[in-house]
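Listed below are the structures to be examined.
Note that chain A is present in both complexes that follow, paired respectively with chain B and with chain C.
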Partner chain A sequence: MDDNKEKRTVIEAEIPMGTVHPAALEPYRVRLFVEDEIVRDAEITVGINHRGVERIMEGLPVEKANSLTEKICGICSNSHIWNSCLTAEKPLGIEVPERAGYIRIIMEELERLHSHLLYLAHGSEVLGHETFAMRLFYIRETVMELLGMIGGNRVHYGASILGGVRPRCELDEMRIQQIKNGMDLLEEKITAFADRFVSDPLVMSRITGVGVISQKDALRLACTGPTLRATGVEKDLRRDMEEYDPFEFDVITQDDGDVKSQLLMRVMENFESIKIIRQAIRDLPPGPITNRSWEMKDTPLTKSYIEVPRGTLYHSYALEDGRVRNCVIRTPSMANIGAMQYACIGHHITDAQLCVVQCDPCFTCTDRAIQIIEI
Partner chain B sequence: MSLKSYSRGRAIHVMLVYTGGCNGCDIEIVNCIFSPKFDAEQYKVFLTWNPREADVLVVTGPVTKHNEKPLLEIYNAIPEPKAVVAAGACALMGGVYKNIHGDIPSEEIAGPVDQIIPVDAKVPGCAVRPQDIVAGLVSALPLLLNAD
Partner chain C sequence: MSVAYSVIAVLGTLVVAFIVSLLLPGIERKFIHARIQQRIGPPITSPGIMAPIKFFFKQTINPNSPMPRLYNALPLISLLVVTVLLLFLIPQMYFVGALASVIAIIGFLKVEEVMYMFMGSLSRSVLSVRMPFPDIVKGAKHPETPRRFLEELSTLRAFRLIAFGSFPVYIALFVSVAVTGSIFLSDIVAYQQLHGPILFTVAGALGAVVFFIGYMILLNEYPFGILKAKADVIEGPYMEYAAKYRAYNYLTRGFLMFVLASLFATLFLGIAPNILNPNFIITIIVALLFPMLMAVMSAFSPIFTYKQFYPTVAAVSILGVLAIVAASL
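Moving on, here comes the complex of A and B:
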């Protein structure tokens, strides 16, 4: 009898999820290696929606390439075009007018608002609370309308160009008033949502203590952005960016590193974004929004880092005859994949998708890994 | 009118397949069906993730090579009669990823959706507007309702 017990082994099973799966909007594949319904290991496979953006950017005129970087991601499109412009502006010595800088910040913070609200909606849907998801989509619609009003398109607004912002993104009195009204509405609605969210015992019991990433592990796995800040590390690249110097805002951190911290952190960051937009509108300097007096020249390989809704975004390229060479883009979700896999381990399989979603994955940005064999 | 088409008139199930676009169209479609602002559910259009339950297949994105086979499998799994709506510039003609390039053309795109599966309705836009999606879905409905 005893011998049999010793010989009995638990069959390790693999549960694949994806590439098309209801809980994951994007195509990626999660392989869960389970033992008695407890996840022992997890593996995330990306590369399904690899389109080779870096490769097709090779040799494009820089203005065209900037527009193409925007199409990398439909959630943080402004971040990509902004960072791509910064990468070219620094070595070319283009001075961005102050007003254009403020408008760029307004676009970026509006984008952060809609990205975080989308994350919360997606998280609520994975939790199984569809009512919250619907309400959050409704709140998010306010931001989308503002973005559509400023940029002319609801998703790819194309605000930044080399040397400033596009003329159509100029903020006149009517638009400023609309943004002001929108911010008041958003603050009211997000506050009401946050109260309801925190006081819901079912939701809180579902997310407390699930998917814990400790601070040590978050640093070891090189997490970035809100995923890192939710474990208690006060690291926000916006503090170091000179574009954000005129604005006062707090870096939000949470201590626990579980799904609750991740969700609440995004809720709190929304209020910081609203604060920054209000300051930007109040202090919006007069003047031109585009600097056209610059000349194209060859530049060495330049790097640029900015803080985007999901973490740190990296762009680098060199310019040769006004054409992009050796473009490399690294997106924050790439850095967070390790944390997503790690957070699943030790949890029941029903929590696994929640553990992946808590790190705010955006795999359409992430599929950048390419192998250039010959140029 | 058969019982099947009568019940189909009461509830249209839409399956969204994402084949490697930029998330923009994808979120706008979910937004259009799900959010209280556009609320396609009031027209009895519901989102599903099960191909055997679906009536309409909405495809976004230029189909990447990895996604070609899954898309065909999903299309074959949907019972007849079915309608396919291609949404967004990428799904219609490959978008920027197929058509704009520098020195090296993209080799990752298997082509627009209509080269892989037959498309009944096309919704243009980058990204598609929710109003256009509702119009596209509605234009595909006669195919389903007049099937038998």
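Moving on, here comes the complex of A and C:
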């Protein structure tokens, strides 16, 4: 794990953090192996919130299973249901109307915005900067209101269905105007926050050079999403997704791989999301938002990958008599756990939670598979 | 008559100080933190008055402590130490001689700091108890490593605070000694009544800045709250205090805020806390201003790690030494 870190293995004690800890939003456990107050090794344990979603999905009608995937995560719920729909739509040959595709993108980018803002707020809280955290939550409210307006809920919107999006997610002129206004407001507020953030010497001293993950280590540890891009790797699955073909956006990267890079990475990605949403609103094609002319049939095991706020989300299942079989879901946080552990090494205990949080973990989503270790 | 006057002055000052101290945490959180963070905030009486009252009626959960009675007594001892400290700041108590001196004040503050070490070392938080996960099975990392409790970690930090962190406040105390040439509070107050407040000299102004940073460090307020950083040690030494013992902690903190402000007023303005002196209102104003300034600073700062804490303390201490040098010239 710590091949490239300093070769010191003097471990005086173990400091356990979690499963219940104020700096951790979710139930997970970090074991820090320390020398004085410097972390020499770290171990993250998940599995406390296991719900067995994949097992529950086994044998469910695909429509029900899709709805269930949304409950995997409260932050990236749209990503799960969208990817689950894509997993079935591809082998069934369902043509998604162009307008529905645009609305899906709008929902996904709004979700990315609120996820990144939540990440920044939580990061600020772990830094001990409650004022930044509070202000970011206020900024995030704009996105939450837009999501609530389109989907009917602030958290589980249920936008995607097989063949398009739900009728309630149709965007009329009034909604389009609200989204436009929301984007203007967000751009202004996020810019002001970013200026304040980078010009704060105290904050910069806390996050610069902390939790460094080099590009080589990020690739070795199979990092994904913004965690990977913050090390300088220009890898964004949205570039390869045909749903994003009509949109122009930049893949944001940072070079240092430290907490500062990770935070700034998300700040900059927010602007790209705003750019994509504006394009989608501007070019929103007319037409239906649902295609109901398709037939159910058995399909082989199909894999689908999409880029969600935390990285690459994987869904796979087969269909048999319209029911889901052999479902496997892998969330990006699972891929980033190695980086979280690695980032803690060599830093002060107070920075450990920051090193974990910098990778934007969502362990509740990750807690689905039970790993049975043969003793 | 003079004895009755003294008794009224001492008891009255203690009572008023205690009442004002109950409002200080509320002012800090409601008027400053909440306003800056654009939220409503708690009622002004909530953190300092209603919360302790609530805790007095809660069930006491005894911690897993090797010496539970001593552990539970520590908040009361802290409150007692802080009360005694205020007692010797009152002019009517200056007859006790050496106890009403800067050296004695440092001693009392040190005792208050040492309490954190005792609190931390006598507590075993449930948060640090081994969870039913395969820590010791094949494949686990470092399976036989001794477990350190979060409070123990706080104890180590309390030691660092005593050894180094609280330098600024003690150096600032000696600015007034350097100016007046005496360690006795009576002399320091008398000097300022003759020559005007030390605060309005170069040495005094520098000393006041140093004192204020020391005030924040002693109160474990962000960004200097290394003893109770939420990001790691949560509440540190206080973590396992429940019910009335937690209430005592709250009361002690509020009272310490007032006492340190009174100390500042005594040493830098020459106004000793005395309810029968109209200038006591200035002490109260200082006691209100300090938490407000502290709240502003903490609202705009992240918590420091040692990487920021040590250089800050060192720089502020050097500033304090410069203030003493300036006072001696």
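Observations
Convention: the second predicted complex is superposed on the first by the 358 of 375 C-alpha atoms of A that agree within 3 Å, B and C clash if a C-alpha of one lies under 4 Å from a C-alpha of the other, contacts with A are read in each partner's own complex, and residues count from 1 in each chain.
As a convention for this text, contacts are C-beta pairs under 8 Å (C-beta built on N, C-alpha and C of every residue); 3 or more make two chains touch, one makes a residue touch a chain.
It should be emphasised that the depicted structure is a prediction, and the values quoted were computed from it without experimental measurement.
Applying the stated contact rule after C-alpha superposition, one finds that A:Val267 touches neither chain B nor chain C.
Look at A:Leu92: by the touch rule set out above, it reaches neither chain B nor chain C. Residue contacts after overlaying the shared chain place A:Leu117 against neither chain B nor chain C. In the superposed model, A:Gly74 lies in contact with chain B only, and not with chain C. In the superposition on chain A, A:Val53 contacts chain B only, with no contact to chain C. Residue contacts after overlaying the shared chain place A:Lys64 against chain B, while chain C stays out of touching range. Contacts of A:Glu37 after superposition: chain C is touched, whereas chain B is not reached. Within the superposed three-chain model, A:Arg154 lies in touch with chain B and out of touch with chain C [touch as defined at top].
When the two complexes are overlaid on their common chain A, residue A:Val259 makes contact with neither chain B nor chain C.
Looking at chain A, you'll find residues 19-22, 47, 134-135, 138, 375 touch chain B in one structure and chain C in the other. Those residues of chain B that touch chain A in the shared complex are 17-28, 30-31, 34-37, 49, 61-62, 64, 66-67, 70, 74, 95-97, 100-109, 126-127, 129.
Interface residues of chain A, counted against chain B in their complex, comprise 19-22, 25-27, 47-53, 55-60, 64-65, 68, 71-75, 77, 118, 133-135, 137-138, 140-141, 144, 153-156, 323-324, 362, 364, 375.
Touching chain A in their complex are the following residues of chain C: 33, 36-39, 127-128, 130-131, 133-135, 137-142, 145-148, 150, 153, 156, 222-223, 225-226, 229-232, 234, 299-308.
The touching residues of chain A, when paired with chain C in their complex, are 11-17, 19-23, 29, 31, 33-34, 37, 41, 43, 45, 47, 124, 126-131, 134-135, 138, 200, 202-203, 205-206, 348-354, 373, 375.
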